[in-house]
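Working notes, structure below.
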Amino acid sequence: MLKANIETFLACDASYEEAGIVLYGAPFDSTTSYRPGTRFGSRAIRSESYGLESYSPYQDRDLTDYAVFDAGDQELCFGDASLALKDLRERAAEVAGDGKIPFMLGGEHLVTLAPVQALAEKYPDLHIIHFDAHADLRDDYLGAKLSHACVLRRCWEVLGDGRITQFGIRSGDREEWRWGKEHVTTHPFIVDMEVLQETLRKLEGKPVYFTLDLDVLDPSVFPGTGTPEPGGISFEELRRAVTQICSAARIVGCDVNELSPALDASGASTAVACKIVREMLLALLGNPKIK
Amino acid sequence: MLKANIETFLACDASYEEAGIVLYGAPFDSTTSYRPGTRFGSRAIRSESYGLESYSPYQDRDLTDYAVFDAGDQELCFGDASLALKDLRERAAEVAGDGKIPFMLGGEHLVTLAPVQALAEKYPDLHIIHFDAHADLRDDYLGAKLSHACVLRRCWEVLGDGRITQFGIRSGDREEWRWGKEHVTTHPFIVDMEVLQETLRKLEGKPVYFTLDLDVLDPSVFPGTGTPEPGGISFEELRRAVTQICSAARIVGCDVNELSPALDASGASTAVACKIVREMLLALLGNPKIK
Amino acid sequence: MLKANIETFLACDASYEEAGIVLYGAPFDSTTSYRPGTRFGSRAIRSESYGLESYSPYQDRDLTDYAVFDAGDQELCFGDASLALKDLRERAAEVAGDGKIPFMLGGEHLVTLAPVQALAEKYPDLHIIHFDAHADLRDDYLGAKLSHACVLRRCWEVLGDGRITQFGIRSGDREEWRWGKEHVTTHPFIVDMEVLQETLRKLEGKPVYFTLDLDVLDPSVFPGTGTPEPGGISFEELRRAVTQICSAARIVGCDVNELSPALDASGASTAVACKIVREMLLALLGNPKIK
Amino acid sequence: MLKANIETFLACDASYEEAGIVLYGAPFDSTTSYRPGTRFGSRAIRSESYGLESYSPYQDRDLTDYAVFDAGDQELCFGDASLALKDLRERAAEVAGDGKIPFMLGGEHLVTLAPVQALAEKYPDLHIIHFDAHADLRDDYLGAKLSHACVLRRCWEVLGDGRITQFGIRSGDREEWRWGKEHVTTHPFIVDMEVLQETLRKLEGKPVYFTLDLDVLDPSVFPGTGTPEPGGISFEELRRAVTQICSAARIVGCDVNELSPALDASGASTAVACKIVREMLLALLGNPKIK
Amino acid sequence: MLKANIETFLACDASYEEAGIVLYGAPFDSTTSYRPGTRFGSRAIRSESYGLESYSPYQDRDLTDYAVFDAGDQELCFGDASLALKDLRERAAEVAGDGKIPFMLGGEHLVTLAPVQALAEKYPDLHIIHFDAHADLRDDYLGAKLSHACVLRRCWEVLGDGRITQFGIRSGDREEWRWGKEHVTTHPFIVDMEVLQETLRKLEGKPVYFTLDLDVLDPSVFPGTGTPEPGGISFEELRRAVTQICSAARIVGCDVNELSPALDASGASTAVACKIVREMLLALLGNPKIK
Amino acid sequence: MLKANIETFLACDASYEEAGIVLYGAPFDSTTSYRPGTRFGSRAIRSESYGLESYSPYQDRDLTDYAVFDAGDQELCFGDASLALKDLRERAAEVAGDGKIPFMLGGEHLVTLAPVQALAEKYPDLHIIHFDAHADLRDDYLGAKLSHACVLRRCWEVLGDGRITQFGIRSGDREEWRWGKEHVTTHPFIVDMEVLQETLRKLEGKPVYFTLDLDVLDPSVFPGTGTPEPGGISFEELRRAVTQICSAARIVGCDVNELSPALDASGASTAVACKIVREMLLALLGNPKIK
């Protein structure tokens, strides 16, 4: 008898119950101010992971040895950001409430606000590590408070000063840079492994949400994104950094966002996203601080 | 001394004061449920009109003989449909208040609601002629009332029964088709010139808003749209129909929407949109019922 | 508790047991002689069906009212056509053995041979209705007997003279055309509805396999195929013809093949395939001759 | 011993001596005013003809039975139109001087001027049949006399009044249309087979140059061109017309131009060009008026 | 009252009078020998600058604090290089004559000849700093003296030996390399910051024209160009170098050329061009040697 | 009299007799498990080499000074890997039998097996240097032994332990990595020039086959391949390495494979392949160990 067609990222075919990490897609891009299309990011990561092996020679681990559940994409309302965020908040709360780690695939960066709000309730001392080309610290964008350009500002309103550490930022308006200096820790332009390790030492024992806007990568590596910002980091720099973070921090939730697959018809950007997600998963699965 | 770089559709370089028709772009697509990108439609129509002549051999008229003003694209907030619609409503009200015809270039179809609301205040007996592949008559879409899939339903709430006449509709859910039979006049699948002329006779003297969703065209003619629906009309059928409407009806406002230029890299869809806009303008400019 | 991510064509979410029709993908294109890529056809039809309604205004039927099962894509071996065909034959035999109709989504046209072989065992008087731009009647292609260019010839070896009726053929080498005149019935260039109805009358009561190579359509309608052959039929001609066949013939199996989605980045070709599959399904589901 | 890699259109592998028709490419597009790229047209027609059969079921003739020589692309200087035209004129003169028919593949339409000049020396009573969307009758374009937009005007300067018959024209500035009415015969918008046959009767016995700008086709059929002009003819209309012309007129030279292959990534436009060239060749080869 | 639609690069909305730098586009590519399309480069830089901030965190300067005028694209004749260059020369002479710095956006590299000729009249001791993958030192290209492949040779004819310093060159025919060794200073393959600074010291006080062919970048960073030449420099290397030059040299004119936006559909190449132009402008605006 | 249209890579226009190196294309990709299209790789390398100079400033050598023969593409049967390999084996045997070096352009990597088999007969102590992102050491792929994913395993069956040295490998399933450690020498992730030189010293005097899967490059440099694997080497690293190998090893055959040109519409990947082939040819032509 034929079975239903279940589609997952790579070998993430565990049941919800047995899984410690729960992948899900947040296909939303309504507030994107320039070129939309990240709504198809999570779907592309799932379907194109077929071109990747489940085994990582970097970490010598294989996803087939672990239990990860992939819930597919959530159905979200376009054009009403607060409605979409409400549904995403409930999802993150449910997963975290069941003692699992929510691993969200965007979508635009605004979606990060939902799990941060949900996890801040469970972990009042939540910290954020933020990789991005853009500061995302505006107070509003053309009057809208719920915009991808404001998402870390909204997260700050939840968490307060001293909780957000940014890496790789190389774009923002003058006011964002000024404001950021007072309220968050920004390591601009690059991702220095020593600075990162120092950050991880400071966050030792603290619950950490890791949000990765893939446009922190140079557009030569990752052209498939709405607002390519030249001057970013290389794939190897990112791979090493995310492995370090997911291996060593007490991650309680994370996301990977801003892949807009149709903008890079070669598929290379999607392949980058797939491989980063695999390395993050394998590092989390080997991280002794996580359950 | 060098002059500023003013960009307009074709020869639409009149001043606002002297113009009887005012073109403007509504670059909004936040509620698009499938593939976004129509936000770049108006800009593409403007810049690619360079490949077209200002003279129409069909109507033997030349845009260089008339005064049309092109205001460029309005800056609209993404992710907050009510905010965007408010700005668009003010624009339409201003143009109509100055005794000019607003001619809006979308953007997704939701933007039509704004000028319809504005014009219905000025013309309480406003009627709508609606060309589209999709009925757009849902009451809500995943909970959102302000969605491209609901725009004619929202217009109906403004105008009431018997005011909307649809042509070319070939898609909708069962409930939309059922509801439509009771509240609007729908001529499905095709645009029959005799039926159209009969419609125009019935609307004789009435103020008419003409809203053209370009996906009424077959995707072979117009693949550059978010939700291509096979089985549509040909370019010549559309050209003849819009010329007839704009020549004979008492048009008080109109729009052309749903071009998503990046989806058709050949540029043919944009060329179709440009030529239809030119023919509509020339027909309006020769229409004796319009001032 | 979150559920697994099951992906199906439109509303084809019945269980295998309750379904009378079984959709499945045959992602194979190894023998394609020109531009490959049809291996991604079935996956695209499934995922892009999201842009289509489950309700057909043409037939006034809704897929949500019926039970169809979508088994997803079969995993097939590339580079070894006989191995792939063996797996496909077993699948068709299983579905037909369970009293259900196999509805296969290609893939290249060679895959048709598998269900024809399986069904010819169950229905020794099987007939084929074949829509295509190409005759596919070569004896071999560069030495290979198992090639997309030979598939109807291989079917003929199973069924014999007088069992194959072709429509829309407009390409082939001189020898194919000569051979075809002796062994199959070919109605070249067009699909004439009267000729089709006469064919259906002749096949009254006979078990029929319907194989649809979508390149029977003109490339303006369906550019997303490996070997576009100008001069084909329109979408409306195909829609009417397939509705007629699936409503009136005693269909025991069918397939739709040769969509190569990446060749038409606009998505219009995939939308055509999706809509034709929906219309075929709804016609089959309303066909009294089928169970 | 391995042989050199000779590349030709389809089966056009005769030697120059034995051939009655000489194909060659004119890869030039320097004067193109909008989107360049036709320089790659002839190369694409040659290499993509692989997807086409040498046998035509329309005419029941096979290119393998005839002798056509394909000389490949001429090397032309970009940026200096008069230099390029000089080289092209010498080529046409050489081929015609050897008693063969030059069949040129563009490139932009300006290249037509070269064989017309060369053939007018040999045939003082030369006539032109011109298929195009654009009149190409400007006196100059931004000061340049040698421009694709002026090519038929330049041809008229060679031949004089009453020698040029245009079909399918649907674009031009007002002055071109006015001028054209006095000096050439224009059948606008469509290609009427009766009007065409009447034209052929009038040209009975006269030497005819046939120049085909493929943008006479509707952009749905042929989007791969620099200036798509909606409202053109269908593939079948063009196929029938060119077959008629090449079968019945005393053709002394011809060209097919304005394919810009990169603008239609699906390859459908190139397939259209290939098939039209094949049908033209087969009709010429069966035309009793041509030696 | 609605205002005209003025389009400029980023915040370059000063009037001509108040501006010290004048941006303008030179949309010309008629002599391009391989893949054309740079004619759309300046327009793309202007319209896609929307995705970039006016503030540079590298230089801590904001374009909104300065006065730059953007004159848009000049209308140039295609197919006649000398006519186009004449118009460009007049433009550069006018701008320089008004005591402003011409900043030209190509177009192909040939356009550089025009401002060099104009500025050499005003500054007889003019020097050129030239970044490029290609030497551009041929004496002619297929007989044409006015070709993108010869532009620095033509500039040399204006300026003489010892005035041109090239960086990053990695392609040319053998004769170009030989000739270059005698007449210009070439630092091949890379852009060494120490060598660059030494060059700037040598040019201290001299009027410098800086011409940047963006294909000096590696094609991984900048694939959107007609003749990608692998092995180039990185974005960061270029950003640092242009900032150095524009901050420290006595620049009297400059250009950025060879973006062919349609060749990189991801938009990353255009984003690179936009960001380099922004950094050059901000460095020039902070350069004390410039008025 | 016009000459036939012979198409070759760059200046490789020698006759077969005089040539010491024979280029030929192996347009086969039937076993590709993910995205096909490498069948067009060799053709693209040949036709796009037009954008490259025949002179290398890196090696100060010019292809016009040497005799290389380009035989064009072999006609291979799709869908039957053993048939295709047989034809390719005969080709390699013929070329090697005539005392020339076969230089094959893929196609997918499976084609490498053919020349390895042919050359192992002539050179029983044949060694392989293998650059790749993927180990290609599976025993079978979905049951098929002849698959691109197994090609080095098949080569090992011909040559035995200790004959294969791999560089740059960063993907494979766990079993491939385990098996590889026992039977071949793998230098994963990078290409270290010192390790390479040590390898070359060890292979001093031994006949070497060099097989280059271009996906060893990072996808930022070479996105045009079926299975992009992020984390690869740069163009300069590859250029230096292949120059070293081809200058210093006793190469008896080589290949460059896995370019899938349509996946990178910018053409940058094809340009990379062309330049690498040029540098390999020039290094081989200057290598004193080769005849």
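We just call them A, B, C, D, E and F in the order they show up, numbering each chain from 1.
Going forward, contacts are C-beta pairs under 8 Å (C-beta built on N, C-alpha and C of every residue); 3 or more make two chains touch, one makes a residue touch a chain.
Everything numeric in this text was worked out from a predicted model, so none of it was measured.
> Based on which chains touch which, give the shortest step count from subunit A to subunit E.
Step count on the best path from subunit A to subunit E: 1.
> Determine the set of chains touching subunit B that also touch subunit E.
Under the touch definition, subunit B and subunit E have A, D as mutual neighbours.
> Taking each chain's centre as the mean of its C-alpha atoms, give the chain farthest from subunit E.
Taking each chain's C-alpha mean as its centre, the farthest from subunit E is C.
> Over half of the interface residue numbers used by both subunit B and subunit D, so same, or under half, so different?
The interface is built from different residue numbers on each side, given that under half of them are used by both copies.
> Could you check which of B-D, D-E or B-E has the same interface as A-E, with more than half of the contact pairs identical by residue number?
Of the listed options, the interface copy of A-E is B-D.
> Between subunit C and subunit E, tell me the centre distance in angstrom, where each centre is the average of that chain's C-alpha atoms.
Subunit C and subunit E have C-alpha centres separated by 56 Å.
> Which whole number of Å gives the spacing of the CA centres of subunit D and subunit F?
The separation of the two C-alpha centroids amounts to 41 Å.
> By residue number and range, which residues of subunit A touch two or more other chains?
In subunit A, the residues touching two or more other chains are 218, 220, 264-265.
> Under the stated touch criterion, can you name all the chain pairs that qualify?
Chains touch in the following pairs: A-B, A-C, A-E, A-F, B-C, B-D, B-E, C-D, C-F, D-E, D-F, E-F.
> Within the complex, which stretch of subunit A touches subunit B?
Per the stated touch rule, the residues are 29-33, 36-37, 39, 75-81, 83, 110, 141-144, 146-147.
> Note which residues of subunit B are touching subunit E in the complex, please.
Those residues of subunit B that touch subunit E are 1-8, 15-17, 22, 24, 43, 46-47, 69-73, 94-95, 265.
> Can you list the subunit C residues touching subunit B in their complex?
The contact residues of subunit C facing subunit B are 50-55, 57-58, 62, 218, 220-221, 235-236, 239, 264-268, 271-272, 275.
> Quick one: in the complex, what on subunit F touches subunit A?
Residues 34-35, 169-174, 177, 188-189, 218-220, 223-224, 226-231, 263-265, 269.
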